[in-house]
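Below, chain A partners chain B and then partners chain C, in two separate complexes.
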Partner chain A sequence: MTDLTDIGIAGIRDGVRDGSFKAREVADAFIVKVSQAKALNAFLVETPEHAIAAATAADTAREAGETLKPLAGVPIGMKDLFCTKGVTTTAASHILEGFTPTYESTVSQNLWDAGAGMLGKLNMDQFAMGSSNETSAFGNVISPWKRNDGGNASLAPGGSSGGSSSAVAARLCPGATGTDTGGSIRQPAAFTGISGIKPTYGRCSRWGTIAFASSLDQAGPMARDVRDCAILLEAMAGFDAKDGTSLQLDVPKWEAGLSGNLNGLRVGIPKEYRVDGMPEEIESLWQQGIAWMKDAGATIVEVSLPHTKYALPAYYIIAPAEASSNLARYDGVRYGIRDLPTGAGLQDMYAATRADGFGPEVKRRIMIGTYVLSAGFYDAYYTQAQKVRTLIARDFERAWEMCDVLLTPTAPSAAFALGEKSADPIAMYLNDVFTVPSSLAGLPAMSVPGGLDKQGLPLGLQIIGKPLDEQGVLNAGLAIEQRAGFTARPEAWW
Partner chain B sequence: MSDYRIQGDTGEWEVVVGLEVHAQVTSNAKLFSGAATAFGAEPNTQVSLVDAAMPGMLPVPNRECIRQAVRTGMAIEAQINKWSRFDRKNYFYADLPQGYQISQLYHPIVGEGAIDISLDEKNPDATGKRIGVERIHVEQDAGKLMHDQHPTQSYVDLNRSGVALMEIVSKPDLASPAETGAYLRKLRSILRYVGSCDGNMEEGSMRADVNVSVRKPGDELGTRTETKNVNSVRFVMAVVEQEAKRQVEVLEAGGKIQQETRLYDPDRNETRSMRSKEDAHDYRYFPDPDLLPLVLDDAFLAECRASLPELPDAKRARYEALGIAPYQATVLTAEVEAARWFDALLGAGVKPAAAANWTTSELFGALNRTGRDIENSPVSPAQAAELLGLIADGTLSGSLAKQVFEVMLETGDGAAKVVEDRGLKQTSDTGAIEAVIAEVMAANADKVADYRGGKDKLFGFFVGQTMKAMGGKANPAVVNEVLKGALGESVAS
Partner chain C sequence: MSVDTATVKRIASLARIAITDEDAARMAPELGNILGWIEMLGEVDTTGVEPMTAVIPNTLRLRDDVVNADPLTGGGIREQVLANAPAAEHGFFAVPKVIE
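== the complex of A and B ==
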């Protein structure tokens, strides 16, 4: 009999629809997997009752002969950045410990409205700040992957959506939500051999998603293949009047539009993405990706994105600046923890609560953000960074005159071992070097698995598209997927 | 130019004042949330998830608040910026759930405009001064801390959190307490005409931050202090006076003025230091990334302009053109409700000058006496028009009209009905008047002789006696005419 946890979102959806199995069977299978995978620490909260309720609704609807919803019978994992009504939501931070929203984020509500169920809330880097999941206040997620060197090093699942990547890669859920501010969907997807897409900024509502950097934050799906990403994204996206930056556009039928035929497509290869010290294996995977694109009918053009090298510094000014302000609301007054030392006044309460509640990386970014916005430094840092952001967006606009999508590696390395980079924030930040520019420009971008490195670890390829051209990105991703034949999966050790 | 000067030991000092007025925008909902804004509601009953800054909540601009700010800008002939943007002003305080106030520092919605004030109501045109307005921007109000609810803790009421304010920033064009008061009253009047703020200072709908500095005439601007949150015209004027005096004393004693924030204590009529420049917050303003720039299209602006009412200055000019005295025109147009009432009266076809006279003296006098405002006037414009009509056609004399009006105030009846019911109709029956005058002259033969001997002033006495004998109902014009004839008969000889 088929293992229901192996068949992916489209398979589950179709199987429930045609009666091959019951949604309840699917939910139960995943619930068991989740309960057996504590060692991965991917879930902060398990919500089997939610998944079962959705499954039962799907089965009941089918028995009644009703048309099933797009995600009927599909249980998913929900990154803990999304507020979920009645279910603890912490952004993996101690400061929000015990916080239970009375409201449902738009993205999660959209998914429930589409019939999906929730297996639980997924661990992540605290407030989505991190590239390894080591900043979670509740212990880091561990990647299901191991190096083939005989060692037993625990590897980073990437970040910040590391619970999502680990859970999908380990078949604990067929798909999960992620959020991407500077690469937080794409880098963990690459590290764990799954697919993930960050849509155009404004496609998915930010309402009810705990903010990191408002001008960059964007939700997106993480799943085992391109089709599953398209299905999930269709359910997640859509205009929301409660988010002033939401795009007032209909959601395209991305799944129906999928095609791996790239005839006539111009694929740009940005020369600035060849960075010093990048492993040879990544360069050769990139070349392999180019070959696959050609094979799918695309033509290859070399393009230049001259301001790429300024993207990372600009990002690490803009994102912390916004974060320093967005996180001011965690003050111990209305929700989350409150530290009130004896005899303390208001300022003491703020200081004690925030000192205790935020982890070191969050504090670092609040400090950076506060500094770059402060009087006398604002123009030198923040204003300058905004100018760079404009120039980076212009780089892409010029590239679109020559090509339709861009192909790059997703990350400059395969998954690293936990602890390997956590002492050096800059080394950690460098992991975002390929994902940050498209975030600054608000462009759709996705990572698809391309192959394994010598240590048996997945490597990802990134496709960046024009604004609103998720279809072009998905199709290029599909072309790679069809040619890469990536079937590797981690062996269960957990 | 104001001739207001402070006499110091070292000579005369000028005062330079600028006002930042925070005016609560009249709107059913807050600036960035759908929560209600009614004054006086139970604490924390008008708070949305956005106002409480729950995790993941986002602001969405309320179109009506934007519209009101634009209309206000248009009313002071200001530049309307079709592209503006919201900025965050970051600081921690318990009444500020987000940890930042959404405001507009860099790109306000309204640019430079002006407000014309006059320093003498009796002579408004000759004593006018144009006060520049630097900008108007919209921003969120904060909540309110309550320190009297618990022995050791403070409570916070977030009802006001997120309510839309307009900050109207004047140029430092004000040079005296009187000018400052006139500016604030005029601004309040315009806001109430436009309907963008109810102007209710007692309820906190309008508050002023008062920037004051002093200098020797002709000198550069001095260092200013800012006295925060002053909530009446009288207090604002007192702040200017007291703060200027204090600054002169400090400077003449060889001291320096610290750029600082001060508070006004109305009980002691003095300002007190609240926060020095060194303690000033670094607000770390930056564009709010949750909000797109605010872009106004031509259709929206056209709608805003078309919805503006006739404003006080235009109305006053129109009244003056109708022959109404400048002072009365000023009084009638100062408050929008009075102007509305008077416009309704004019609309009923009365003679403007007579109507203005009657309204400013009789009606306003009666309202003052009875402690009512014009919105609750017991006499409607239609009823007043009827009364004025009876005066104009000679049915009622001035004094009869007063009597009729008093009855109208008491009973709410129409003028014609009162005249009918009480028999207060004026008589112009020359025969009857002649008969009474003959009686009065016969009874006062000595005074007739004195009058004829040259004591002209006695004429008033005869008028009074005649009116008294006729119960006040005689037409005064006829009485005058007949009396002149009767008394003058022998003089001519």
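== the complex of A and C ==
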């Protein structure tokens, strides 16, 4: 019999629709997998009752002969950045411990309205700040992958959506939500051999999603293949009057529009993405990706994005600046924990609560943000970074005169071991070197698995598209997927 | 870029994060390194460049001038607003005494 945890979102949806199996069987199969995978620490909260209720609704609707919803019978994992009514939501931070939202985020509500069920809330880097999932207040997430060197090093699942990537790669859920501020969907997808897309800024509502850097934050799906990403994104996206930056546009039928035929497509190769010290295997995978694109009918053009090397430093001004403002709300008054030292006044209570509640990386970023926004430094740092952001966006606009999508590696390395980079913040930040520029420009971008390195670890290729051209990004991703034939999967040890 | 302990303590105070002398001393070189790295942006000629404020062109909308147009963002939900407060009394958020 088919293992229902192996067939992906499209397979589950279609099988439930045509009666090959019951939604309840699917939910039960995943609930068992989740309960057996504690060693990965991917889930912060398990919600089997939510998944079962959605499955029962799907089965009842089918028995009654009703038209099934787009995601009827599909159970998913929900990153803990999304507020879920009645289910603890902490952004993997101590300061929000015990917080139980009284409302539902728009993205999660859209998924429930489409018939999906929730298996649980997924671990992540605290407040989405990190690239390895080592900043969670509730322990590291472990990647299901191991190096093939016989060693037993625990590897990073990437971050910040590391619970999502680990859970999907280990087949604990067929798909999951992620959020991407500077690469937090794409880099973990690359590290774990799955696919993930960050749509154009404004496609997915930010309402009810715990804010990190509001001008950059975008939700998106993570799943095992391009089609499953398209299906999930269709359900997640859509105009929402409650988010002032939500785009008032219809959601395209991305799944129906999928095609791996790239005839006439111009694929740009940005020369500045050849960075010093990049492993030879990444370079050769990139060359392989170029060959796959040509094979799919595309033409290749070299393009220049001259301000690429300034993207990371600009990001590490803009994102912390916005974070320092957004995270001012955690004050021990309205939600989460309160630390009130004996005899302390209001100001001391704020300072004690925040000292106790935020982890070291969150504090570091709030402090950097506070510094670059402080009197006397604002123009030199923050305004300059915003000007550089304009130049980075302009680089992309010029590139679009010559090409339709860009092809790059997703990350400058395969997954590293936990602890390997955590001592040096800048080395950790450099992991986002290929993903941050498109975030700053608000562009749709996705990572698809391309192959394995010598150590048997997945490597990803990134496609960046024009504003609102998720279809072009998905199609180029599909062309790679069809040619890469990526079937490797981690052997279960957990 | 060098950041001294006094500066770290000043930033921490602005950010309302309590910090010990020991932690401030540890953070000073760390923040100095990061700030030194981002200073690379000073090399970029941005003469005549407008700072970006919105990444995708969009228009600001006005909601209908109706009370509780959307119940999710409307009023009349005091119990829900206070539900997660560490301390709530008499229908308000409670804080330590601020007036002597």
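Convention: the second predicted complex is superposed on the first by the 494 of 494 C-alpha atoms of A that agree within 3 Å, B and C clash if a C-alpha of one lies under 4 Å from a C-alpha of the other, contacts with A are read in each partner's own complex, and residues count from 1 in each chain.
Here, contacts are C-beta pairs under 8 Å (C-beta built on N, C-alpha and C of every residue); 3 or more make two chains touch, one makes a residue touch a chain.
Just so it is clear, the model here is predicted, and its values are computed rather than measured.
Of the two partner chains, both chain B and chain C are touched by A:Ala241.
Contacts of A:Thr200 after superposition: chain C is touched, whereas chain B is not reached. In the overlay built on the shared chain, the residue A:Tyr103 is in contact with chain B and with chain C.
In the superposition on chain A, contact is made by A:Ala355 with chain C only, not with chain B. By the touch criterion stated above, A:Ala344 is placed in contact with chain C alone, chain B being left untouched.
Using the contact criterion defined above for the overlaid structures, shared-chain residue A:Thr370 touches chain B and also reaches chain C. In the superposed model, A:Arg334 lies in contact with both chain B and chain C. In the superposed model, A:Ile210 lies in contact with chain B only, and not with chain C. In the superposed model, C is the one of chain B and chain C that contacts more residues of chain A.
On chain A, the patch touched by chain B and the patch touched by chain C overlap at residues 99, 101-103, 215, 241-242, 244-245, 324, 328, 331, 333-335, 346-347, 350, 370, 374. Here chain C touches chain A in the complex through residues 8, 11-19, 27, 30-31, 33-35, 37-44, 46, 49-56, 58, 60-61, 63, 70, 72-73, 77, 80, 83-87, 93, 95-98, going by the rule given at the top.
Contacts from chain A toward chain B in the complex involve residues 82-83, 89, 91, 96, 99, 101-103, 105, 206-211, 213-215, 241-245, 321-322, 324-325, 327-329, 331, 333-335, 346-347, 350, 370, 373-375, 378, 382. Remark: chain B residues 49, 52-61, 88, 90, 92-94, 97-100, 154, 156, 282, 284-286, 288-292 touch chain A in the complex.
The part of chain A that touches chain C in the complex is made up of residues 98-103, 200-202, 215-216, 241-242, 244-245, 247-248, 307, 309-310, 313-314, 316-317, 324, 328, 331-338, 340, 344-352, 354-355, 358, 363-364, 366-368, 370-372, 374, 380-381, 383-391, 393, 425-426, 440-442, 467.
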